[in-house]
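So that we are looking at the same thing, I have put the structure below in structure tokens.
Residue numbering begins at 1 within each chain, and the chains themselves are lettered A, B and C in the order written.
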Amino acid sequence: MLSEVLLIAGKDLRIEFRSRVALNQVAPFALLILILFGFALDADRASLTTFTPGLYWVAILLSSVLAVHRSVAVEAGEGAREGLLLSGLRPASVFLGKTVALIAQILVVAIVLLGGVVIFYEATIDDGVLLVTSLVGAVLGVGAAGTLYGALLGGQRARETILPILLLPVLAPVLIAATRAFGDAMGTVAADGWPWTSLLYAFAALYLALGVLAHGVLMEES
Amino acid sequence: MLLGRFPALAGATLQVEAGEAVLLQGPNGAGKSTLLRLCAGLLRPERGDAFVLGRDLHKDRRSVRNRIGYVGHQSMLYDDLTVEENVRFWGRAAGVERAQQDAAAARMQIEGRLFDVPVGRLSAGQRRRTAIAVAAARRPELWLLDEPHAGLDQSGRDIVDALITDAAAAGGAVLVASHELDRVEPVVHRRVTIAGGTATETPLDVTTAGPDASSAVENARPADITTGGLDASSAVENTDVV
Amino acid sequence: MTSTETAVAQRGPTRSRATTILGGVVLIGVAVWLFLAFVASGPDIRTTAEGNTIGQFDAVRLLYIHVPLVITAYSAFVVTAIGSFMVLVKKSVWWDLVAGASAEIGSLGAALTLLTGSIWGRPIWNTWWEWGDVRILTTLVLFMLSLGYLAVRRLEGTAEVRAKRSAVVGLLLVVNVAIVNKSVEWWADQTLHQNSTIAEGAIADLKAFTLFFSIVLGLAAYSWMMIHRFRLAWLERQYDRFGIDDAIAARRSEADHAQPVTQGESA
């Protein structure tokens, strides 16, 4: 099982290493969203700093949709989806492998973006441990839910337009919780970030479990 | 008013025995590819009986899939990975040993210089060779070949012909859809015409020297594709393949 | 006439004697409801010990539509969840049609809930929209999720494929609403909504009866729409299935004509 997961994850990461889609397209897109917020808020430093956690996570969620697209497109291109069906790999391994690869890519984007908010928004990090812990929890959840809903849309031609309306409402709790946790870690709200961080991990655990359960049906049926 | 559905096969009865290579011929859109995809367990038969390698396609497509070697129109390869990486990935995914992967690659003559080229930069013929090598590495019990000669050069075609002959001689079953009758007829035992969604036996124009089907290897379990059915997006009725 | 058309003609419309009676009852119910809500029951005016008048005044009448809508909408999604579950367990397409029909009605109910709530909120809470309210936000996300679910239902694929795919999304929808509800509850930690007014006895006799009546009427109207929507979906499915028979027949006759030609055929 583990070797299958690593095989799939390694394959996706190798493809990313070759094509650099996450690094050269998704990460710049996320930074661009930050810059657009800067223009929209009239470069009001005080507001930008106050709203950093929320703006940061909105940027992450929007760019994650692109990363999920890419993860699905890799399989859809030359019919590799069918190859995976024919290979005898367990659907749960395929789900976990693709989730691991997606999480790794979103983490890279998240780290780039963290540099972005420190530079552009003058964000300060008061509690690094909380920040990193909540960041990882949130990205785990986004990766698991993203892979699950991505698999659902599989080779569908309409997936570009449906994925955002399907995935973003599902990620609403992640946005709420991660924004609160970051608010505490960056000192912009007087709230305890740790309960929110545990909510993020609960969400991630739930979606990992759901993905393992449902991926067989979805691989088969889409 | 079928909302995009079309019965590709509507009453095809077909049986392929172990040790036998069968040619599927028929006009474009006759349902050859659909029949192959159905046998590969990639489509769900809508109605009728469908057995492949002794398994009922209505209930158990999963255990059929990793015993067949399917080569379709799409290469099922990753463009961003090299030939070697593709062969290794799909080999490991199917639990095939490295030596077996190398043997298949050598047989399709894609080892060496080509090995480090990303699949996205291959020609159509090289891509097809790689796809066949990936399938061959698994030593399938049933080969399902959809236009295997398309895009191949002369040596590639010869390799595919030899592959078909060897697979049947070793007790496997081969179902090959092709328009290149001259090419394929010498290496198959029977010919079946698919037209209007039905299958009819058509005598071969040339006499084959292949082994008699009845003397085919005893040990092989009948790989029956008994389909009396119809997929909603593409359909089959009464197909029997071993 | 093809077998498809014959079959559909034989099945007739989605109406039956029972639904006609149910529809009639609902129609009469609407008339009674309008009378109760706008004529019989009075405005909500209460006098405090100090002699001040408080209450919702005429805005209370909006509750007679808002409350049944929200109860109907949430009930409809419970039915969708049950239907989705049954699709996965029993592999039955029948339940898929139930889940889909119910989600369409539920989606409409959720939208109207938000609309009527917003109109009611303006005079009572002095705002069209309240970000801090758990129930408003949960219903909003439910509505968004239901749009996603309905979009997934329209994706291509065979009936079985679509049924299973939709069932997974239908079940996830309920899971998601539960998570959203919990997290928003934690986040906003408040609701402007009062507790059940009937339970508190704050609303007197006729108002309580009107509210109760409107809820029953809402569920009856849901049942009526549900039966028709389900039957329509069922007929569509039958039409599809018979359509396959027709197509097979057409395919076979095509084979008869094509037979002599196929011999010398080439790519």
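For the reader, a short list of remarks on this structure follows.
Throughout what follows, contacts are C-beta pairs under 8 Å (C-beta built on N, C-alpha and C of every residue); 3 or more make two chains touch, one makes a residue touch a chain.
Since we're looking at a predicted model, the values are computed, not measured.
For subunit C, the chain with the farthest CA centroid is B.
Comparing per-chain C-alpha centres with the mean over every protein C-alpha atom, the closest match is chain A. Separating the centre of subunit B from that of subunit C, both taken as means of CA atoms, is a distance of 47 Å. Centroid to centroid, with C-alpha atoms defining each point, subunit A and subunit B lie 39 Å apart. Distance between subunit A and subunit C, defined via averaged C-alpha coordinates, is recorded as 32 Å. In subunit C, the residues touching two or more other chains are 156-157, 160-161. Subunit A makes touch with subunit C in their complex at residues 148, 152-153, 156-158, 162, 165-166, 169-170, 172-173, 176-177, 180, 195-196, 199, 203, 206, 210, 214, 217-218, 220-222. Within the complex formed with subunit A, the residues of subunit C that make contact are 88, 141, 144-145, 147-148, 151-152, 155-157, 160-161, 164-165, 168-169, 172, 175-176, 179-180, 182-184, 186-187.
Remark: subunit B residues 40-42, 62, 65-66, 68, 70, 72, 74-81, 85, 89-90, 92-95, 118, 134 touch subunit A in the complex. Contact residues of subunit A toward subunit B in the complex are 4, 7, 11, 14-15, 18-19, 74, 77-80, 82-89.
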